[in-house]
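What follows is chain A paired twice: with chain B in the first complex and chain C in the second.
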Partner chain A sequence: MRYNRWFTPWVLVIPALAWLMVFNLWPSINTVILSFTNARPIGGGTFVGLRNFERLLHDDQLRWALLNSVIYMVVCLPFLTILPLLLAVLVEKKLPGITFFRTAFYTPVVASAVVVALIWQWILDDRGLVNGLAEKLGVISGPLPFLSDQWLLLLSAISLTIWKGLGYYMIIYLAALGNVGRDLHEAAAVDGAGPCRRFVHITIPGVRGTMILISILISVSALRVFSELFILSGGKGGPGGRDNSVVMLIQQYSQGFEGNLGYASALSIVLFFVTVVPMLVLARLNRRGAEA
Partner chain B sequence: MRRRRLAPVAALAAAALTLAGCGLGSDGSGSSAATPTVDANAKVTGEVSFQTWALKPKFTSYVENLIKEFEAKYPGTHVTWLDQPGDGYDKKVLSQASAGQLPDVVNLPPDFALPLAKQQMLLDVGAADPKIKDEYVEGGVQAYQYQGLNGTFGYPWYLNTDIDYWNATKFAAAGLDVKNPPKTFDELLAAAKVMHDKTGGKEYLMSRLPGIGDFTNAGVKILSDDGKKFVFNTPEAAALLDKYRDAYKAGYLPRDILTQEYLGNSKLFTQGKVAWTTGGGNAIQDFVKDNPSLKGKVVPSPALDTPPLYVQGLSVSAKTKNQAAAIALARFVTNAENQAAFAKIVNIFPSTKASAQDPYFSKSDGTPESDAKVLAFESLAKAKVLTPPIISGATNDFIGQQISLAISGKISSQKALDAAVAKANELLTQ
Partner chain C sequence: MSIVTDPARPAVAPEAPPATRRKGSFGFNTISTREKVVRYVLLVFVLLITIGPFLWQLSTSLKGSGEDIYTRIPRLLPAQPTLDHYGAVADTIPVWDYAKNSLVVAVLVVGGNVLGASLAGFALSRLQFRGRRIVLGLFLATLVLPGEVTIISQYVTVREFGLANTLFGVALPGMIGALNVLLMYNAFRALPIEVDQAAIVDGANAWQRFVYIGLPSVRGTISVVAIFAFIGAWDDFLWPLIVLTDPNKYTLTVGLQYLSGTFSNNPRLIAAGTMIAFVPIVIVFATLQRFFFKGVEEGAVKG
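Right, the complex of A and B next:
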């Protein structure tokens, strides 16, 4: 029996290819087509040319959502790239009881985003844990509006994302740290390099590829944030809808019997390009760094 | 060689485009007409499907008995009962409608029925059954008649409304008389100030953002006469928002209301955090079930101004292959006798005129629970649908967002209303 016929590779990739076409390619093409229509969930729609994209240019909500997404990415990127690495370096050491800390740091990752956000909502509420404690201790005279002020709400959601993401990226860094040669650290130590120097000159270059990967993952997920902002704002996008993310807008426009699938598709296309740009920039930086 | 490579790509693109074209669906509804084409007196026989919303398992035996009685009354009929879970019912109906698979008789509230009626997916039951106006209460029937559409697109099944509930303990703590609660919005604001001042800002009376229903109650016109434009950006509506904004600024409302979901008011009342909420005629049982410490402390009173009318109804699919049986089933389920029986096992009110004199709904046994039920029943006589069913989804969200901006003081009330109307009109006409 011969397995090396010309079609053998095709047979092997057909299941994956079919999956991609049905669940990726086809919905993507359909989204592009819908973005030029005024389609509704029932009753179909008609071709409207670039009208949906013209509307995007004058949409205040989209401007706020894009600003929120960019702030989300700019704040999350450094915190979630550096902090998990520091944590990974800490828990990498083989000390008694270290497994407990590894597990503790990973726990928020296992918890459902919705459950975590609900707990945070309770913590940050006007009568919640943080305001209650701060008022009891006399630090503040009235509750801080974590959930009703536009910027504090955004900051709360960012903090939640960082807290939840730490454990996940820590695990990725832990795997990467295993590949950094111990002999390099020993040699540097013999040459008199302290822990900080070894971290900067050995650990960071050793996990550079992983850092780039993590940066890309963080950028993409920060730009596509949904659960944290949705739950903390009670699904309403905060005061005046100014704490919406682009994904929340897509959800709002496409929901219900009167959903505007055309405009929601146009928003999806904007989100796609907004997400792809930082990914390409980071990938380019990675290539340049590798060539240098 | 290049051609060879391009060929499959082109074929793929063509296939994808063809498939994508399907995503648009048809411009029409797939239904030729919404007017019944069979005689309402035609023989009732054959199969008919019946969809309810979250009645299993609590009311399984009631519905099963109803079906048995219908099948006995009309020999040769067979009813297939489908019950959908409470969550995601709109999505379920939407998927059934887009697939052209709406059950013959389907439970739809007026706001679900409107987009289906617009697409001619529902039967004009008023044309099939001219007696509908004589047998059902006016508000119930009107809920299924829409501006710009001719016809009645559902049999009103059951009704509900809201009355006010007050926390007696909190009223006493603030020196307010719970037996003489606020009767108008201005009295409510005054009482909120007293509660705030007397408790050093620790207790709240109000915890609700205004909505379209409050504008209607303030005499503001929501839609133009032809139903094609929103027109609620009036000085009266702005004045109402100003009152809320001032109350919010003075600390009479909890700050969380700007992020709370609709039921926040009722939840906060149940948790004992605020002293006023609105709720249906059976709300006391729910408050006490969730927070037993409220037992004996909740006092009901009629709703401020015009009470809202909530309607549930049964619509008939325009695509049904058995119109006579479908109409007969919808009529049978919603007739006075069956509605009254249903209203005695769950706290809802019948939508038939014949039930108006039923002492079960109109006589109280003296307990606050029973008083509340009677108050709600009496309120139905003047209750109105305060929020037009055309307001849903993104429109509702955007109006809510502009209202919260105005309440938070970030923009003026008039500017918020202008923005809300402009956006709502844009969403309406697109």
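Right, the complex of A and C next:
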């Protein structure tokens, strides 16, 4: 029995496949090609050999960007793996009004990174809410330079990322919690285990796979950070451009007279390797953990 | 026919059992009053952290020009509430045009994804053809690649199409996302193959099976795809920042950055601008959130 004419499936798949080819596969190849040229944002470009890659080695801003990325990842990882899990446990029980709380906790995820970064910029301003309150309480004598000090700016952007990510990972954990057997909790409770012990010995092992997945997601998105740092630093990348991320550097070289798409492509290749490494490491950890 | 289900939209939505104490049972399902109080206190605490900043921004945007917004004792309620700053934003930057631009991009992206991803997802999961596995593998493979890695050469491609500095150029690459194709593929796969076979016996062709059998059973996933395509397009910043160079064509996010970079001396003005970008997306999400949480609840109820 013939289900369909041979070309019917292709007619349906072709649009999506065309998009995949033109906007995913070809750009992946073209990134490598471009990285050997000195293409400009307006067009043109000639082959320059390995010059872009030599330049990478001597780029101080890239060194700072990579250091910032590692700090970003290392600080985000513990907070964003644990806090959303606690939140998920908190909103798991179906109390009256829980849908409202779940939706509200998810709001920072739905808002644009630009919007939340502008809100935080105002809160962390020299004369903003945080400094005002801290001065009022006598914790500090002068305003803390959250947005102009190299390290405080990085820390502010990291806290913003953590705050914005809470709801996102909470929802993923919430879906996973549904699969943790309630009978296990009941049995442990009968045996006299309190909520904390049950959390450590039942909940955490129960969502272990999700935890690994989430830590991969966190690492990759920490290395890809752009909007938070860009907006908080006013697009300048902090004092002396020391608060750039790799993506911010890519964006800087994508525009204007100083723009160099060839070098931006070389930076993109750096970004590719930087994001793929933690993915492979965590995936391997997962496999080894599963065997043990 | 009622066994037709979709992971994001269960055909039979099981009601949560009423939390009554069963006789002789340990009573694990009931919550003590003390636990309830602790839970609500914690919930409200987290609520303040997540929603507080938005309320503070809303309050700032409504405070009168004569009002001291820098007071060391913060006031949440404006003393001289006014909507003036929303008008002032429009005088400074063409904010309503920016909102319209964002909407145009978002609608194109939603339309493209709903159409393109469901067609491809249907073909990949319910029609047999040579090369199906390879095509599926290609879609999967692109998920590993962070979008920022190819953003420069994507710009080169869009520029070669002559679409640099156009709204269509902003929307185009995101109009059929690989992830959405895979989501739709999964949704269609949940449909038992016997339904298709019965329809084939009745003489339905592929297109009829798509329209009358496939689509009605994956409405849940389609709405999830649509919601996230909309939010993603509305919130996107890096891509429109690279593609658009003419300030008249900016989308809201790029326009807001332009506003804060150029006229950063008045926090009330920027606050009003951020609210113009924030409120529509919250309304969209709040009205459609039940579709979104349905899939999650399905997993949470069982067990």
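Here, the second predicted complex is superposed on the first by the 270 of 292 C-alpha atoms of A that agree within 3 Å, B and C clash if a C-alpha of one lies under 4 Å from a C-alpha of the other, contacts with A are read in each partner's own complex, and residues count from 1 in each chain.
The rule is simple: a residue touches a chain if its C-beta (ideal position, glycine included) is under 8 Å from a C-beta of that chain, and two chains touch if they have at least 3 such contacts.
Remember, it's a predicted structure, so these values are computed and weren't measured experimentally.
**Student:** What does the overlay on chain A give for chain B and chain C, a clash or a fit?
**Tutor:** Once both complexes are aligned on chain A, chain B and chain C clash.
**Student:** So, does A:P205 touch the first partner chain B, the second partner chain C, both, or neither?
**Tutor:** neither
**Student:** Of chain B and chain C, which one contacts the greater number of residues in chain A?
**Tutor:** Chain A has more residues touched by C than by the other partner.
**Student:** Applying the touch criterion given at the start, work out whether A:P78 contacts chain B, chain C, both or neither, answering first, second, both or neither.
**Tutor:** In the superposition, A:P78 contacts neither chain B nor chain C.
**Student:** After lining up the shared chain so the two structures overlap, which partner does A:G43 touch, if you call chain B first and chain C second: first, second, both or neither?
**Tutor:** After superposition on chain A, A:G43 lies in contact with both partners, chain B and chain C.
**Student:** After the superposition on A, what does A:P145 contact: first (chain B), second (chain C), both or neither?
**Tutor:** A:P145 contacts chain B only, not chain C.
**Student:** Just chain B (first), just chain C (second), both, or neither: which does A:V190 touch?
**Tutor:** The second partner, chain C, only.
**Student:** Regarding the shared-chain residue A:Q255, is it in contact with chain B (first), chain C (second), both, or neither?
**Tutor:** Both partners, chain B and chain C.
**Student:** Does the superposition put A:G235 against chain B (first), chain C (second), both, or neither?
**Tutor:** Both: A:G235 reaches chain B and chain C.
**Student:** Quick check on the superposed pair: does A:D125 touch chain B, chain C, both, or neither? Answer first, second, both or neither.
**Tutor:** Once the two structures are laid over each other on A, A:D125 reaches both partners.
**Student:** Under the stated touch criterion, which partner chain does A:N30 make contact with: chain B (first), chain C (second), both, or neither?
**Tutor:** Both partners, chain B and chain C.
**Student:** Quick one: which of 97-105, 133-141 or 241-249 on chain C sits on top of chain B after the fit?
**Tutor:** The answer is stretch 241-249.
**Student:** Find the residues of chain A that appear in the contact set with chain B and again in the contact set with chain C.
**Tutor:** Common to the two interfaces on chain A: residues 25-26, 30, 34, 39, 43, 125, 127, 234-235, 255.
**Student:** Inside the complex, what are the residues of chain A that reach chain B?
**Tutor:** Of all residues in chain A, those touching chain B are 21, 25-26, 29-30, 32-34, 37-46, 55, 61, 125-127, 143, 145, 147-148, 153, 232-242, 252-253, 255-260, 262-263.
**Student:** Any idea which chain A residues touch chain C in the complex?
**Tutor:** Chain A reaches chain C through residues 1, 3-4, 6, 8-10, 12-13, 15-17, 19-20, 22-28, 30-31, 34, 39, 43, 87, 90-95, 99, 101-108, 110-116, 118-123, 125, 127, 129, 132-133, 135-136, 163, 166-167, 171, 174-183, 185-186, 189-190, 220, 224, 226-227, 230-231, 234-235, 247, 250-251, 254-255, 261, 264-265, 268-269, 271-272, 275-276, 279.
**Student:** Can you list the residues on chain C that touch chain A in the complex?
**Tutor:** 16, 19, 26, 28, 31, 36, 39-40, 42-43, 46-47, 49-51, 53-54, 56-57, 60, 70-74, 115-117, 119-120, 122-124, 127-129, 132, 135, 138-139, 142, 144-146, 148-157, 159, 172-173, 175-176, 178, 181, 196, 200, 205-207, 210, 231, 234-238, 241-242, 245, 252-253, 256-257, 260-261, 264, 267, 270-271, 273-274, 277-278, 281-282, 285-286, 289-290, 293, 295-296, 298-303
**Student:** Okay, in this complex, where on chain B does chain A touch?
**Tutor:** 12, 16-17, 19-21, 23-29, 90, 93-94, 97-98, 112, 114-116, 118-119, 121, 254-261, 264, 273, 392-395, 397-398, 400-402, 404-405, 408, 410-411, 426-427, 430
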